[in-house]
Amino acid sequence: MPSPSTPVRPDPGAFARRVRSRETVVGYWVVLDAPPATERIARIGYDYVAIDAQHGLLDYRGVLTGLLAVDAGGSAGVVRVAANDPTAIGQALDAGARGLIVPLVNSAADAAAAVAAAKYPPFGVRSYGPMRSGLRIGPVPAEADEQTAVLAMIETAAGLAAVEEIAATPGLDGLYVGPSDLAINIGGAYPGDPAVKADFDAALERVLAAAAGAGIAAGIHTPHGSVARERLAEGWTFVTVASDVVHLETIARDHLGTARGEQR
Amino acid sequence: MPSPSTPVRPDPGAFARRVRSRETVVGYWVVLDAPPATERIARIGYDYVAIDAQHGLLDYRGVLTGLLAVDAGGSAGVVRVAANDPTAIGQALDAGARGLIVPLVNSAADAAAAVAAAKYPPFGVRSYGPMRSGLRIGPVPAEADEQTAVLAMIETAAGLAAVEEIAATPGLDGLYVGPSDLAINIGGAYPGDPAVKADFDAALERVLAAAAGAGIAAGIHTPHGSVARERLAEGWTFVTVASDVVHLETIARDHLGTARGEQR
Amino acid sequence: MPSPSTPVRPDPGAFARRVRSRETVVGYWVVLDAPPATERIARIGYDYVAIDAQHGLLDYRGVLTGLLAVDAGGSAGVVRVAANDPTAIGQALDAGARGLIVPLVNSAADAAAAVAAAKYPPFGVRSYGPMRSGLRIGPVPAEADEQTAVLAMIETAAGLAAVEEIAATPGLDGLYVGPSDLAINIGGAYPGDPAVKADFDAALERVLAAAAGAGIAAGIHTPHGSVARERLAEGWTFVTVASDVVHLETIARDHLGTARGEQR
Amino acid sequence: MPSPSTPVRPDPGAFARRVRSRETVVGYWVVLDAPPATERIARIGYDYVAIDAQHGLLDYRGVLTGLLAVDAGGSAGVVRVAANDPTAIGQALDAGARGLIVPLVNSAADAAAAVAAAKYPPFGVRSYGPMRSGLRIGPVPAEADEQTAVLAMIETAAGLAAVEEIAATPGLDGLYVGPSDLAINIGGAYPGDPAVKADFDAALERVLAAAAGAGIAAGIHTPHGSVARERLAEGWTFVTVASDVVHLETIARDHLGTARGEQR
Amino acid sequence: MPSPSTPVRPDPGAFARRVRSRETVVGYWVVLDAPPATERIARIGYDYVAIDAQHGLLDYRGVLTGLLAVDAGGSAGVVRVAANDPTAIGQALDAGARGLIVPLVNSAADAAAAVAAAKYPPFGVRSYGPMRSGLRIGPVPAEADEQTAVLAMIETAAGLAAVEEIAATPGLDGLYVGPSDLAINIGGAYPGDPAVKADFDAALERVLAAAAGAGIAAGIHTPHGSVARERLAEGWTFVTVASDVVHLETIARDHLGTARGEQR
Amino acid sequence: MPSPSTPVRPDPGAFARRVRSRETVVGYWVVLDAPPATERIARIGYDYVAIDAQHGLLDYRGVLTGLLAVDAGGSAGVVRVAANDPTAIGQALDAGARGLIVPLVNSAADAAAAVAAAKYPPFGVRSYGPMRSGLRIGPVPAEADEQTAVLAMIETAAGLAAVEEIAATPGLDGLYVGPSDLAINIGGAYPGDPAVKADFDAALERVLAAAAGAGIAAGIHTPHGSVARERLAEGWTFVTVASDVVHLETIARDHLGTARGEQR
């Protein structure tokens, strides 16, 4: 039977356990391939740091080194995979992700496929070869399954329509709303379009209720800590503040305005 | 005679000319090897973006791609070289820097060496091979010399003691204060140590006066737009706001505090 | 509503508009992950520079930095995606492509899938997260859709057989012939095999006619400027000259032969 | 007709020919993106070196530079592709692989798809653009097909159940057992679980027999040279010893134990 | 006054303190730019892991990511700098090294220069900008000085002749023998040349005695755990086992020999 | 005594021996960090391929992978080091260079320093640690010294004035003219300035004569195969054609002109 490669490992399943028990957790969203920045963010105190392999500005090396940086910083690394695809899901887990955010889950079948890709047999079809993650998670398959969380993104009209069935998928640990895509998919002309606000708010309530009904976590992407705080107050169990490149641009622009004495 | 490789080039010497004429210019400081972030910052409106090859988290590829990102973003790329060394200076210029910030200039001889390294014969000793910069600057040697600025860091007790001679160095375009090193070098226990505030302030006045006396630019590193604004009010002609990784950590921490409802 | 991140942006939709109006445009084909070379090529005057993510010697970082180099050089970046796959298509657009060349389009359904992957709802299914492209294209979804072109490769027997239906796909902006694959797929033993020349030429005429009939652009890959010129004379509306690594090998071999005084 | 780009090329099809003729060949398995290490291993005398793009710690740049290192070292480069996917298969071949190990082949249809992806028309559907491999393999399509081997992994219960049909797939050159996945898929709690030893051993015999019956190669992954030797004695025609990162960890741990005088 | 960026940091000065107190410490030597391998090695239990920037196959990005991997793995990162040069020394410390191994220290002046480069004013001349190390070490200058060790390599005839003066350098924490260079420098035709064994052994005794006399650590490079054990028995206080690429080649060759049934 | 790590190695000293015997050799100059392109060029038939670490667009990883590509392609790798500096010289040799081109050799002392840095004791001061080169060159120190060539660039007025003494330096294998720097250093306004043609031509004759007088090789940089041919006819024993990025730009521009039907 495999043995862990080092005598001491921080509790590898803490993130998954906390998400499953619907504890409040707050994360940060990274799209830059800048490991020293990611390490710094991981040390601030966020419960998790998500590396975005779908819209992020990085590829597999960036995921791998990003997760290494998150581990060095002492947070829990999560990956938003590029697609609901077994290869992408397996590689994120092999790289050491403690949680997966799977985009564009539009049906119960999509959700079941995501879970299957993330779990070893007999529960799923994940292929064995935890080249980095075996150091920290598992390495026995059933333990690895236990220690990693699978979160399905609800961000299309189809996904919203099927959200209760999606939430009922065995092995799924939570729902995660992508507000930009959701807004556009329900008719918005752009993310945050006020023309669809009522529908958007109703959609969020439906997702919240579906997660609560299934006893799984309810998460949502947010652009700012203040929005995150509001979402937690609404009952979401986990929130991500996003994203590094946008925040960096924002603060750099603020400093420029201040330096030039511009009114804002 | 060499001809530019493209018919249209934005005014390649604008940064050097503005610095030399003691116009007010405001820059941003990059230590991360994250070209898409650097490109975004370069589009915000800063007059220049400096890539830090001394304390930055990057090597020559990072300098090269960073300058490419700055050009793509429409600002002027400057490099703080790793050392007052002809190889480092030549490579930064070959990569396309429009300005050089040379650390640890402690004497007029150091300043003269920095200028010599940055200029082609007969004025200096720069070796010819502008593999990237020739696209944008020069490429005739005398034009390249004209279009690139050399800035000497005053950040040690020795540099301060020699600041008037340094400022008088032919071909030097400006002084640039590194406040952290300067504070430590004049007896501070750490950057910003209030115990040396009086000496520190006097040092800044001396640098300002030396630059004004020599008719060259006076610049200083600042951590925040508000400090930058104060420095401009004091008479500094250029200021850099620093740095990306610190600002990113700051804003990420602020968002976390807000999300958690912490008092600050 | 989103606002562009900088006040000045070169006309982001010019490439798509010119292709759609069947203007003559000439591009260059890059397979090397060598951003400073790509930047140089982008400055020469080509209307577009295509980064090849299918057969090119690069991965997503290469696409991203390649497009950055093309923007720095002032041309329009196009990506030949690795496959007709929504993830690959979305990521190329997020990285800043102004046009997509989609390989192996074998049916009208394939073409519709390519268009859907490239367009935001309601027209398509592209996921929102324009981490780099939002700087330059869009960022409002409908604008981004307008400003980016989708080109389908006709390079198999099946694609040729369905070329008129493919050309009629709503949202498709042009056809693009891959001559090597086409030659092999219609029975050639190798690209350029004279044994299939008559069929090959007939195929090209059919593609040309299909594009003209549908009022969309007709493009073709060429190995040399002289072939490109001939193709333009035949009525093709856009041509790419290919590729960097082959041209570099060719010219390096020519110089060696010349240096050694070999007859050619 | 295409001509090879250099006058002298080592026998490009030797690996495929030896595998097909069921000669004994021994390989090594690389998961690290460390080209100088891979080059060293390739010089030791292994008949092939496999770069793992499924569970390995690398992406396409790692595959490309890894194969370059294998060629520099004088062995034959093989790629275990990330998935049974035409894009992944085509890119591995374009990068210069002389053999492909295709994971998770669960049916004759899967095997036929793998072969089709690896062969040019008329036999298959591989797209033409051998940007690196054309230097060394082929470049005429039929020659390239002849010079590259396709090996199907048998590592699931479904694959095992269909192994005879898989082995009969035209164009397939061998079977390759992934023992870790196979053990888990037939009910083991972890790789090497003794609880399923009898079934596991029976599975291996069935694979061996299927390969022999079809006249194709029979290969298996092994963790150690001594296991490799046993497998060869059992009749397997090719074996890989795996893997670099595990072996490095093992030897580094052994040195530490020795240095500290620990009993083992 | 600067505050650490996170509330919890493992004892940052433990390595330096243990070296200074002449405790026995055992390290491992990394020349590969392969962060996931380095992380694994750092988890095995070595007291430190040294990244070799002199003869290693990496540059500054490799040092930076290597140290990140060592921190993720829970060991102490040390850097053998490329040269006894203030820029190289400062950058290794900025990247987060807890110890420096400085090559080719040939005189007391060389040793003093190494120490000066590694320490902030007033003790030395290190420039302030601990972009990564500030997270973990210091960040107050005097604390950072206390928490990082400086080790001088004795590996030339000149260094050996001056070893007692070198050992007496204020701020120097230890000597470190480079056996390959030392053997060649005292007349050996190659590392380990038996023709100079007597002189070599006498040299080691002299270094041991010099370190003991000065009350500083005595370290030596070794190729194997068994040699490391012997050196510790001789009285050396720290030993490095070297190196990853050689050990990997060794074990890969052993596995091949075993697989082929070769006698050794 | 060290043994080579593989049984078969191509003649490692052929390049050095041919240069020393004043055979005619023709090389190519690489400034791009594009290993697959470099491998292709190395297969064309050039006697050597030089990687430019002074003005090239690459850093140490680029040198290392570039030399790996040259070895894979079957040519001899040479490095133009960034500076006449022992660290740069040692690292180029450790990476596997078979020859060194050392820039800016201005005196006999400079030449002696370059040779000393390139040779192991007792002849020089090179430090032992041939992490990649030991695979292919040496690895016994005296053999490595024999198998690697050192070439001094004559490209300044001072270097020209001392050329006879430089040529007489023991261990120096050749002179190499950098025409761009030489033209500028003798008063030209730019490389190729006709105003200094007479002095330039006289300088070349002096270098040729100095090399011949010392019995060492005489080399020169050229932009084109036709110039290379002329130089060989003048008596130069080795010539490099330069460079990849310029040739690529040239041929890409030519193709564009041809495609557009422009007169040239």
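Note that the chains take the letters A, B, C, D, E and F in the order they are written out, and that residue 1 is the start of every chain.
Here, a contact is a pair of C-beta atoms (placed from the backbone, for glycine too) under 8 Å apart; a residue touches a chain by one contact, two chains touch by 3 or more.
Computed from a predicted model, the values in this text were never measured in an experiment.
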Can you spot which option in A-D, C-F or B-C is basically B-E again, with over half of the contact pairs the same by residue number?
-> A-D
Greatest centre-to-centre gap (Cα means) from subunit D is with chain B
Subunit D and subunit E, separation of their C-alpha mean positions in angstrom | 39
Distance between chain centroids, defined by C-alpha means - subunit E, subunit F (Å) = 34
Indicate the residues of subunit B shared as contacts by at least two other chains.
-> 5, 33, 36, 40, 44-45, 57, 59, 61, 64, 131-132, 245, 249
Subunit E-facing residues of subunit F, complex | 1-2, 5, 59-61, 64, 86-87, 90-91, 94-95, 120-122, 125, 127-132, 139-142
Where on subunit F does subunit B make contact in their complex?
-> 31, 33, 52, 54-59, 61-62, 82-83, 85, 103-104, 155-156, 178, 180-181, 184-185, 187, 189-193, 243, 245, 249
In their shared complex, subunit D is touched by residues of subunit F numbered 5-8, 35-36, 39-40, 43-45, 64-65, 68-69, 71-74, 131-132, 135
Can you list the subunit C residues touching subunit F in their complex?
-> 26, 28, 32-34, 36-37, 40-41, 44-46, 57, 224-226, 228-229, 232, 239, 241, 244-245, 247-261
